[in-house]
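These notes open a run of structures that come right after.
Next, two complexes with chain A in common: one pairs it with chain B, the other with chain C.
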Partner chain A sequence: MNKLGFRLTAQWCLLLWLIRPRSSDYRISFHFIVVRSNFRAARLGVRRADDMHLTLEFGGGLELLFGSQKKHEVEVTSPDDLKEVTMESLLSWIKDNLIKERPEMFVKESSVRPGVLVLINDSDWELCGRLETVLEENDEVIFISTLHGG
Partner chain B sequence: MVRHCELCKAKRAALVRPRNRQQVCKDCFYTAFEEEIHQTIVDNKLFNRGDRVAVAASGGKDSTVLAHVLTLLNKRHDYGLDLFLLSIDEGIAGYRDDSLETVKRNETQYGIPLEVVSYKTLYNWTMDEIVKEIGLKNNCTFCGVFRRQALDRGAAKMKAVKMATGHNADDVAETILLNIVRGDIARLARCTSIITGEEGALPRCKPFKYTYEKEIVMYAYFKKLDYFSTECTYSPNAYRGFAREFIKDLEAIRPQAILDIISSGERFRIDSTAKMPEQGLCERCGYISSQKWCKACVLLDGLNRGLPKLGITRTRGKGLANGVENASGGGKLASKDDRSPSKANIDF
Partner chain C sequence: MFFVFFHKMADFTLELEALRVENARLKEKLKQHLLVEDMLLPSSSNLPRAVIGMNREGGENACPAPPWIAGLSHSLTAAQIQRYSRQLLLPSFGVKAQENLCKGSVLIVGAGGLGSPVALYLAACGVGCIGIMDPDRVELHNLHRQVIHNEASVGETKVSSASRTCLAINSSVKVVEYPFGLDARNALDIMAQYDVVVDASDNVATRYLVSDACVVANKPLVSGAALGMEGQLTVYNYLKGPCYRCLFPTPSPQAACQRCSDAGVLGVVPGIVGTFQALEVIKVLTKVGEPLSARMLILDALSSRIHTVKLRGKNTQCVACGELPQITHITLPNFDYEKFAASPMSDGTPPREQVVGEDQSITCTDYNKLVRGHKSHVLVDVREKHQYDIASLPDSLNIPYAKLPQQLDTIRAAAQKHKHEGDEDMSVYVICRRGNDSQRAVQDLRSAGFNLVYDITGGLLSWAQDVDSTFPAL
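Up next is the complex of A and B:
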């Protein structure tokens, strides 16, 4: 997490602490807030019931944007707390939680940058509805850049 | 929601082919991909039986798939080609070292010999040394000019009669657009041909001219081919210009657009009265050049005399040759030796 991100998160926490509900549902709403502000639930050791486990893999040079790590086992929460995690919500989750640098090399508007190939369970995502694809527990999503090298 | 392959109707579809939106399984994709390249090679008579062919290998996706497909087709269709991998060592520590390791693995994987030619032996400069001298501006100009010539010299040294490069359909479409935007008629006419450089230089061919980049990457991924995709240390963001961005945006809307651009490029008829630069030979090293000295010699001369900006400034027509003359005339370090064909730096 970058410095600015940390400061914003810290500011959020402080603000939320100040306006925290003084009642029994305090813990629940605080938890909710923590998940929604830049923290990765997994990092905090909290796993919500509706978190979804996914295997993400970045290749073709994209791994450089993710700390040179190709494979990532993640617990993803839909940003809008919808029941379903779609490819669109996964992309925004990655942008907010996983990517380390130059997000513009990975996403453009609400989709991947043209030239980034996506495979869901080893199939081209163009076969299953691209952004609207609904992901399931333990799905494997692979992103490969075609933009590097010749 | 499992979709079946449109060709064999049996297996699970694995990808959508950009050229026709066909949904195909892995096996049908491999066959179609390989046989289309075979058709391109046959239809355009890219090779003759017995040809010794240098496969320009950088360790990247395109050249890795090219080496794989050419060795495979050479066996399957009995082309009778004598293939070898040709790599350039630019002398970039940590970048080229690693990609050369990939090419060395390819050597054993595909069972064809590898020849590495280095900037250091050819020019007596590594890219690391050049960057130390000129900084991070224009370093890609040096690298590009040097690499092109280094490939030709390496191939000549190995007695190759042809060179195959991994340029794909996306690359060709991008080059066509760039040449239109720049108004470079001579290059526009040349960049669409599948074989170039027959007049004088070693012929270069592009077996992937009609092959989508997406399919090359998918093929490499499904076949688990070993390729290298790290960005060059000196130009981490250089791999995408506006033209590439535009091509990729077009492809996202309508993939066929890429082949359409190539087809349009091929149909351009250049006015026969248009003045084309004449191809001669470099007075210094004998490499083909439309100027008195070839671009590599101009750049090298500047480097050796501590005037690395020489040859960088955009010049048109005779400007470059004049620039060189003036510079060597006025430069105190210029001696007769500098102008005579150099044996010290370029030794092939």
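Up next is the complex of A and C:
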């Protein structure tokens, strides 16, 4: 958490301390402070422990399915919180959370549609296990549709 | 003291005199040098002479060989040394590489946006034989990116225009013209005559054919593609590297294949990719450097980023280059590439399909009569806004097809506005570029409760053809 975040949280704590109810529901208000600071932490870019930060990039026309935005910095949660994030779970996460239109132009069955190259940290996903590839914090995944024009 | 001064003066005078003599000698040398250059290299202001200026079959050998030629270990002529001096001077290039270029041959499939810089640079750097293949003729809308052609070549075949420009740059190279497209039957015979093949084509079907034929004919393939603001480049079938099918065993669905004629392309983008292709050809021919095999270069022109990524190697299961290939010199000529890729071997527009019935459509000519008769109606143009902004019909309402469901009220309001007392329901006419989206829009509007909705058949392209020839048909 950065300095500003700490200061603001500290100010909130002080404020809530000053207006604290002098009765038995003292513990509820304390709980409120914790929730509040967690909310603030999330807003300031500090993640929950089970989120993973990834950089996703779409090119060769695929960006049109994602609101014409090529680069996306995302926090991905694994489907059942405990497991690691694989390429397979990333694809379903993208389908559920990121894609804006025509998902059939991006995924087919459990993989990407024909004509899409997938690159994990600048390397063809064929070289590292395709759908089973386990992703790590700050990995960069590029999806690029092959071009035909000349 | 005085003596020392005099002594110094004398020194200066002598030195000055020596420099004057040297200067005169160098001036004379320069003059002779320029004369020789004039003889060998016709000035650029004299194009026709440049084309026929130097005899292709080594006219410079007509003069007796100068004595220094005898002791050389290479085959370059005096004229070649002079012409290619700036690349001969490169320590990593040198005479051996230049000899390989002069002996080398390259087939360029496509004389468009990519093929233009490829052909220009390969002719300029002295590739011995350049084959150029393209079935099309030069059109005005090609010139913004196909820089090998010019205004005077509009209407001419692309190959003859390209060949003329190549020879104007370097008349000592040989250019072979193929004014037709590559097909499964001619591919292997033509490729057999070349060392390297360049894919500068503009459609999926040709890309699969070029790759397969290169595998069967055992030729390295320098493949480039460009669209919009993006480019891709790689070298296929080189040493242990993959072929196009290793990467893309199944073709993309047709809907995912955008064409330059629909999506547009910034001229300089294929220019950059094509220039990179020329570089890779030079590297493959000369064996200098590391060709872009099993790697792909991705150009993002908007953010000025060039990314080189690592690709898989050869796939042992590949139907073209794997251990048990199904595509061979026997099966390839009968393979239906257009059917396989579900798209034609051209960048051309697919024919318009009539979807809505005749009772729901109107020809451009009839619509024009209706406008001239001042019949009140609503005209909806369903093209994207950036296309609408280029040129549109007067009093039309632009509602891009994708936004139609949210804009039904806008159409209702427009109909209400034009409606006079006692009028029946207002007719709505729908137009687009070619008449495909407009038919879909008519269907959608009818199911949304609009009864008098009609498609203007053939869209603005037909309008330009049949009604107003001044309307820019894009």
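Following the convention adopted for this analysis, the second predicted complex is superposed on the first by the 98 of 150 C-alpha atoms of A that agree within 3 Å, B and C clash if a C-alpha of one lies under 4 Å from a C-alpha of the other, contacts with A are read in each partner's own complex, and residues count from 1 in each chain.
Just so it is clear, contacts are C-beta pairs under 8 Å (C-beta built on N, C-alpha and C of every residue); 3 or more make two chains touch, one makes a residue touch a chain.
Computed from a predicted model, the values in this text were never measured in an experiment.
Q: Using the overlay on chain A, decide if chain B and chain C clash or can fit next to each other.
A: Pair status: clash.
Q: Under the stated touch criterion, which partner chain does A:T146 make contact with: chain B (first), chain C (second), both, or neither?
A: both
Q: Answer with first, second, both or neither: which of chain B and chain C does A:G115 touch in the superposed model?
A: So A:G115 meets both chain B and chain C here.
Q: After superposition on the shared chain, which partner residues are touched by A:C128: those of chain B (first), chain C (second), both, or neither?
A: First partner only.
Q: Please indicate which partner A:E73 is in contact with in the superposed arrangement: first for chain B, second for chain C, both, or neither.
A: Neither partner.
Q: If we overlay the two complexes on their shared chain A, which of chain B and chain C does A:E84 touch? Say first, second, both or neither.
A: It touches nothing on chain B or chain C.
Q: Which parts of chain A are in contact with chain B and also with chain C?
A: The overlap between the chain B and chain C interfaces on chain A comprises residues 59-61, 113-115, 117, 119, 122-124, 126-127, 142, 144-150.
Q: Once bound in the complex, which stretches of chain B touch chain A?
A: Going by the criterion above, the answer is residues 1, 3, 12-16, 23, 58-63, 99, 166-167, 170-171, 213-214, 216-218, 221, 227-231, 239-240, 244-245, 248-249, 251-252.
Q: Show which residues of chain A lie in contact with chain C when the two form their complex.
A: Going by the criterion above, the answer is residues 59-61, 70, 105, 113-117, 119, 122-124, 126-127, 142, 144-150.
Q: For chain A, which residues are in contact with chain B within the complex?
A: 59-61, 64, 113-115, 117, 119, 122-124, 126-128, 142, 144-150
Q: Write out the stretch or stretches of chain C touching chain A in their complex.
A: 110, 112-115, 200-204, 207, 224-228, 230-232, 247-253, 255-260, 263, 265, 270, 296, 298, 300, 303, 307-312, 347
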